[in-house]
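Each of the next two complexes has chain A plus one more chain, namely chain B in the first and chain C in the second.
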Partner chain A sequence: MVSTTPTDQPRPARRGLLHTNPSVLWFMGLLGLFTLGVSILSEGMGIGVLSTSMVKILGMTLCLCLIAVCMDVVWGYCGILSLGHFAFFGLGGYAIGMWLMYARTEIVIRDSLSGATIPPTEVEITDAVTAQIFGVVGSSELPLIWSFAGSLPLQLAMVVLVPGLLALVFGWLAFRSRVTGVYLSILTQAMTLALSLYLFQNDTGLRGNNGLSGLQNIPGALHVPQSVLSMWFFWASAFALGAGYLLFAWVVSGKFGSVIKAIRDNEARVRFLGYNVEGYKLFVFALTAVVSGIAGALYYPQAGIINPAEIAPIASIYLAVWVAIGGRGRLYGAVIGAATVSLMSSWLTGGGAPNISFGNYRFLWTDWWLVVLGLGFVAVTLFFPKGIGGLFDYLVRKKP
Partner chain B sequence: MLRLPRLACLCACLISLTVVLHPVAGRAQSTSDTPLQDVLQSVQAQVASPSRGTVPDVLSALLERDAPGTVEFLRAWQDRGVIERPEDGLFFFANETGGMAELTDIDSGEIVAQVSTRDVNQIRPNAGVRREINAALVQFELMNPDPARRIAALESATRSPDPEQIPALELALASETDARIAARMERLLDLLNARFTTDTATRVDAIDGLRGDISTEARRVLNQLLQTRSDFAQTLPEDANIARIRIPGEDMDLHAAYAVLSDADLFPPRPGRNAIRDVLRANVVNGSVGGVPVHQLNTDDNRVAAYRALQDAGTVPPLVTQADMEAAVAQYVFFDAYLEPDAAVTDAARDALDSTRTRIGAFQALSLSLDALSLASIFFLAAIGLAITFGVMRVINMAHGEFIMMGAYTGYVVQTMIPDYTVSLVVALPLAFGVTFAAGVAMERLVIRHLYTRPLETLLATFGISIALQQLAKNIFGTQARPLTAPDWLAGSLALNDLVSISTLRVGIFFMALMFLVLLLFILNRTRLGLEVRAVTQNPGMAASMGINPDRINMLTFGLGSGIAGVAGVAIGMYAQVTSEMGANYIVQSFMTVVVGGVGSVFGTLAGAGLIGALQKGIEWFNPTNTLAAQTYMVLFIILFIQFRPKGIVALKGRAAGD
Partner chain C sequence: MTTLLEVSGVSVTFDGFRAINNLSIAISEPELRAVIGPNGAGKTTFMDIVTGKTRPDEGSVRWGERQVDLLKLSESQIAKAGIGRKFQKPTVFEEQSVRDNLAMALRNKRGPFSVLMWHMTREDAGRIVELATEIGLQDRLDDRAGDLSHGQKQWLEIGMLLAQDPRLLLVDEPAAGMTPAEREHTTDLLKRAAQTRAVMVIEHDMEFIRRLECRVTVLHEGSVLAEGSLDHVTKNQQVIDVYLGR
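What follows is the complex of A and B.
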C-alpha cells in the first residue's frame, strides 16, 4: 500500500471527448444507421423504396442540419444571434454552382463544336460559354468573379474562403466596436439583406434573380444517373454532418467551450478575467461561417438551382427558429429542430398531409401550416425554452 | 415689336379667313330653323367632296353666317363624323356602331334616323384638308372671347406643333388683350419659329426668346436643332455646319473609323475572327489549309498563318493590319455635322441651351431633395412605431411590419364598405389605430410581457407571430395585391415647372409624418403618460415604488407604438400596394432607421430616416436605372456607419442611455 498525500494524488485522467459527451456517440451511431437505412432503401443503390427525389430531400435535410449545428454553436454556445448564416450557406452554394454551371456548359459547347470543320479556339469556347450562361441577363462578357469558374480546386477553395473572409471582415468590424445583442442581430440581418440585394442585380455577374441552374448535373459524371448521384451526395452530406458534429462537439467541450459559454453568460466578466473576447467570438463566427459554406456547397447541387431569394434575411431567421425549437445549447437539439421543422414543412406544404374537415370548412395544411408553425414557435419560446431537445433531460435524469 | 411687319404681310395672305373669323357684332342672324344646314346646302358639293382648294370657300360661307354649332360641325367634319344622305343631299352627324349609323340633325342635335352605313355617303376629308380645317379651328379657338378656351387652344397647339399654326398665332397675338395669354402665345410662336421658319434672322430671334426657358418643349426644340450626323470626307467640306471633328485613335475607335470607310466600299472590309474562320473552313484541302493541318487551327496565331498562306496564293481578300487601317483612316477627316445647315441658328441654339444649364441643375437638385424628403417621410412613418416599441421599450418587435399591414388591410376593408374615398379615409385612420392598438396590447399581454428579461427571444417569438399573421392575411385576403385608393384631392400632383413636381399623396404623407412627430414628442414630453413611460423604461422598480403601475404603462406604450404603425399602414397602403408581404418589406429598413438614428430618441429616428432617404436618392442619382444597387450600397453604408457610431446619430448620454 502506498500512502498518498494530497499533493501527489494522481490527477484525474483526461477523459476523452466521447466519454464526457455520450450524446456524440449516440448521434454518430444514429446517423450511421440512418445512412445505412437510406442506402438500403434507396432507388439508386438498394431496393428502391425511397425515390430519388426523396433521397435528395433527405440529403438536403442533412445539410440543413449541419448549418443548424453551426447556428447552435454561434448562438446557443456563444450567444451571438446571427441572422446571417444563410448568407454564408448561399455563398458556398454560389461558389460551387459557378463551377458546376461553367464546366457543364463548357462540356456541352465543346461537344457541339467538335463536329465543326475547324477546331474551335479557346477564345471561341469561352465566348460561347459566356453567351450561353449570361444571355439571360443580356451580357456578353465573362464577369471578373468567374475567372476561376473553370477550375474545380479553385472554386472549392472559394467555398471555404469567401464565407470565411466575409465572416472575418464583418465579425472583426462588428465585434471590435462591441456591437452586441439585438444590435448585432440587426447588423447581421443588414449584411444578409445587402448581399441578397447585390445578388439580385443583373449586372453583378451572378445572373441576377435567375440564379444558377442545372446544378444537379455534375461535370465529369454526366453519364451517372441521378438516382446514383443522389446517393453520392447523400453520403457526402451525411459525412459532412458527422464530421462537422464531431468538430463542433470537440470545440465546445474543452476549455475553449467553457470560455465561449462564459462569453454567452457574461461577456464583460470574461473580458475582465483577461480573455480576448473578440478573438474567441471572431473564431467561432468565422469557423461556423466556413462550415455553413460547405453545407451550402453540398446542398445546392442536390437542390439543382440557387437564386438570391434563398439568401433573403427571412431564411436566416427560420434557421434561428429551427435551432430554438430543437433546443439551444445542445448540438443534437439543433439537428432535431432542423430535421423536424424542415421535413414537416415540405410534407405539409407539399400536400402530403391529410386535410381536416370541420363541418363545412376544410382545413388545408398548405394554407395553415405557417400559422401553426408561427404560433407553435411562440409557444415553444414561452413554455419550452429548452426546445424538443429538453425532453432528453428527463430521459437522462431517470438513470441513477 | 419686331414682329409687326411680318404680321402685316401674313395678314394679307389670310385675309379671306380673318374677315370671316373676327367676331363681328351685329351680324345678321338667320331666321331659318336650320341655319347651319342651309349654309351647308349652299356649298353642298364642296362639303360632300372636300379638297384643299375648296375648303376656304366652305369656311368663308360658314363663318359669314356664323350659325350656332359651326365649331362642332368643323370638328366633326375633320374627324370624319359627318355623312351625306344621298336621297336629299342633307348632312348629318353620324355615330357608327357595328355597321349601323345613328344620324343626328346638325342644327337641333336630335337623333333622326338609324340607317345602315351602306346607305349613306361618309365624307372622308384627306390629310391636307383636315390640316386646313384644323388651322381654321385653331384660329377660331385662339380668338374665342373666353380666355379659358384660348388657353386650352394654346395648350393643344403646343402639344402638336405645326408650321400652319404660325400665321393663326400671329393674328391672335395682335388682338390679344390678356398679357399672360399674350406671353404664352409669344412663347409658342418662338417655339414654332425656331423650328419651322426659313428666315435666319427670325429664327435666331425666336431662339433668343427661348433663352432661360427650362420647359421640356423649349429644350426639345433646341436639342432638335442641335442634332448631328457622323460623316467623313477627304477634306473638311466648306458648306457643312461642323459640330466637332473626330480624330481616330483619340476620340474615335480606329476599328470603328475603318469600318465606316469599308462600309462605304472605299477599302476592303477587315476580316474578323469569324470571317477568317469561315474562309478557312471553305478552303480546307486534304485536311489542311494553306499548309497548316486542320487540327492545329485551334489557336488564333495558327489561323492567321493559314490565312496568310491563302492570301499569298491570292485566293482570299487580304488581311487588314493595324498599319493598313491607320494608313486608310489618315486619308480622311471624320466629323460630326449639324443637320441644320445654318451655323448662326445652331450657335444661337447652343447658347440658349447653355444659358439654361445652371437653372436646370438647380431645379434637378431641388427635385432630388423633394424625392429624398418624401422617401424619408415614408421611412419615418414606417419606423416611428418602432421608435417607441424598440427605441423606448427596447422590445424587438418583428411583427411591426405586420401591424403596418393590418392597418393597410383595415383601410381596404373600410373602403369596400364606404364608397366615398374621403369619408372612408377619415373612418379608416382611427379604426386602423384602434385595431392595431388592440392587437399590440394583446400581444404585449400574452407574449412579450413574459420575455422582458430575454430580449433575443422576444425577437424570435414576435417573428413567429409575424409569419402567422402574414399567412393569416394571405388566407383571408388572398395573395394578390388589394387596392387602397387615395381620394381625388390626394391623387393629383403639384408641379412647380417641368422639372420639379411631386404627387399630392407624397406631400400628404410628409405632413402626416410631421404630425406624428409632433404628436409623439408631445405625448412623451408633455403628458403624464409620457412621464410614466420614461420613468418605467429607465427604472421599472423605482417607477413602481413611486406608484406607477409598470404593467399598465408597458401595455399602453406598446399599444401606442403598434397603433401608430397601423395608421402608417393606411398611408403606406395608399402609396404602395396592400399585400400580405408589404410589412416584411419595411421591417429591416425600419430597424435600420431606428438603429442609425439612435435608439431611444424620436429625433434620432427622424435623423435616421432623413439620412437613409437622402442617401438612397443620392446614390440613385448616380445610377438612376438601378435602385437595387442604391439599396445595396445604402445597407453597406449603414453597416459601416454603425461601426463608427454604434449608438447612432443621436446618442443618449448619462442615465437615459440605460446601459
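What follows is the complex of A and C.
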C-alpha cells in the first residue's frame, strides 16, 4: 500500500505519520531487513559472503539514498531544481575529513616521537602534523580553517553548520530576489562550480586537488579491522537514512507538505494566500543542505578519500537524474532511483558486467555506460514521467 | 460604514503604456461593489496594485482604520492584513484534495514552523465542512481539486477566499464559464459575503451585475469614468460611448 496524498483524512482527529503514510512503515521494514541481511552476510560480523569493499559500497549507497531523499524534497516537493546539493554533501565530508586526517596524523607523530630522549613540545607536534598534512601543497603553516581540526565535537558541529549556513546565505540571496526555475538551477550550479574550482587551488587550506585521504582510518579505533569498521559505518548510514526518511516523511506530510507542493505548482497564488514563500523555500533548502552534509560525513570515511572533483557540478546533475528515474514527489522513489542507478553504475563501470562483442567492435561498459544512462533518463522522462516509483501506483490500484 | 480601502491618484505605466491613470477609488466595509469596463481599462492591473503584485509609479493605497500604506507591504503581508483575491482563471492547487486546498487557506498562523507543527483541530475541520457546504462541495472534500468542473473550481477558489476570512475580497470575473444555475449560486455567495465585509467584483456580464444590486464603478483607460447605481451609470452618455455602445 502506498499513499501519495497523506492528509486525506475523513476524521479530524490527530493521527500518526505511519497511519497516514503506510509507505513509511514499508520502507522502514525493508531497510531493517536489508541491514540485518547485510550484517549476517558480511565479512566483519557474519558468514563472510559479502566482502568488506562490498559492504562499503552498500554503506555508501545508503548515504547516496539519503541525499537523494533530500533532493526529492527540495525538487520533487518544493519545485527547486537545485544543482548544488552535492556541494553540501562534499562540505560535510570535508568537515569530518579534517578531523579524521588531523587526529590520525597526530597519533602517528606522537608514536614516532615518543622514543626520543627529549619529549617533544606541543608546538613541535603541531608543526610536525602540519608538515605531514600540508607538505604536499608546499605549506608549513596550519590554515586558519583547521583551527578546530583536533576536536571531534567541533568538527561534527561543522558538518551541520557549514552546509547549513552556506545554504541559508545563498538561499536567502537567491530566493529574496525571486530567482526561480531554470535561472535558479543555473545559479546553484554556478555556486557548486565556484566552490569546486576554489577547492582545487593549493592555497585554500584543503590540500587542493589532493583532497583529504586516509579517511577510512578512524582515530581511536585504529586497531579495529576494516571489516568491522565498515559494518559500523554501514549501520550508521542505515540509521541516518532511516532517521532522515522519517524526518522528511513527517515534513512533507500534513500542511507543510501541502504548502511546499503548492509553491511548486503556483508560488504566486501561495503568496496571495498570505504565506511567505521565500521563508518556506529557505527552510526546505537549508534543512536538506544540513542532512546532505550529514550524509556526506558518513559517506567519505567509507570512500576513504575526498577531493574537489567530488563537488563538481556533474555529481549534482547525477543526483537529479537519480531522483527523476526513481520518481519525483515520493520519497521511496528517490531511494529506489539512487540505489538502482549508483549500484548499476559501479557494477557496470567496475568491470562487473561482461563486455559485449559485435564482430570487430567490443562494446565496453566503461565507455558506454553514460550513454546508456542518458538514454535511460530520456526514456523515463518521455514514457514514465512518474519514474520507477510510479510502478507502485499500478500495484496499489490493482488491489481490491 | 467606514472607508476600508482608499486608492488615490495612482498611476502605472508599462513600457510607455499607461495602464492606470490617476485612479482614485474607495470602498467601505461592509459594501458590495462591481467594477466594469472594456478590455484594457485597467481592472486587473488595479487588483494587482492593491494586492502588491504591481508597484505603481505614483499615488497611494491606504488600508483600514490605521491608514496602513499597502505599497510598503509584500503580497503575503497584504494577504495577512485581510485582502483576499480570486483570480480570473481559477487557480486552485489541482494536485491536492479539496480539503487540503481549504485547509491551506484557513485563517491560521502562516510561518513555516507553526505550519510544520499544525494539526487539524475539530474547529478547523468543522470550518472546512461549513465552507464546503456553502460552496456546494461537501461531498467532494477528498477528491483532487483538479478533478472538479470549471464552475466547481471557481467555487473552491471563492471558498478558499472565505476561509482566509478577509475584510476585503477582490473577485475577478467569478461567473466566467458558469451555467445560469451556477451563476445564481455565485451571486448569492457574494451577496452573503458582502453583508459582513467589503467585496469588489470585476465582471463583464451585465445581467450578473444587475443581480448583485450594488454600486457600480466604470473604469476606462485606467481611470474612473462613472460611479453610482447600475441604472445611473448605464444612462451616462460617456459610458454608453466607450462601453455599452460597442
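Everything that follows uses one rule, which is that the second predicted complex is superposed on the first by the 386 of 400 C-alpha atoms of A that agree within 3 Å, B and C clash if a C-alpha of one lies under 4 Å from a C-alpha of the other, contacts with A are read in each partner's own complex, and residues count from 1 in each chain.
Basically, contacts are C-beta pairs under 8 Å (C-beta built on N, C-alpha and C of every residue); 3 or more make two chains touch, one makes a residue touch a chain.
The model shown is predicted, which means the values in this text are computed figures rather than measured ones.
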item: Touching partner for A:V259 - first (chain B), second (chain C), both, neither; value: second
item: First (chain B), second (chain C), both or neither touched by A:W368; value: first
item: Touching partner for A:T117 - first (chain B), second (chain C), both, neither; value: first
item: Touch count on chain A, higher of chain B and chain C; value: B
item: Which of chain B and chain C A:R269 touches, first, second, both or neither; value: second
item: Which of chain B and chain C A:V396 touches, first, second, both or neither; value: neither
item: Touched partner set for A:Y280, first chain B, second chain C, both or neither; value: second
item: Chain B versus chain C as contact partner of A:I47, first or second or both or neither; value: neither
item: Residues on chain C engaged by chain A in the complex (per definition of touch); value: 51, 53, 74-76, 79-80, 84-85, 87, 91, 93-97, 99-100, 103-105, 110-112, 115-116, 118-122, 124-126, 142, 144, 160, 164
item: Residues of chain A touching chain B in the complex; value: 81, 116-124, 170, 173-174, 176-179, 181-183, 185-187, 189-191, 193-194, 197-198, 200-201, 203, 313-314, 317, 320-321, 324, 367-371, 373-378, 381-382, 385
item: Complex contact set, residues of chain B against chain A; value: 273, 277, 280-281, 284, 289, 294-295, 297-300, 303, 394, 396, 398, 447, 450-451, 454-457, 459-461, 463-472, 474-475, 584, 588, 591-592, 595, 626, 628-629, 631-632, 635-636, 638-640, 642-644, 646
item: Residue ranges of chain A touching chain C (in the complex, touch as defined); value: 5, 7-12, 14, 251, 254-256, 258-259, 261-262, 265-266, 268-269, 271-277, 279-280, 283
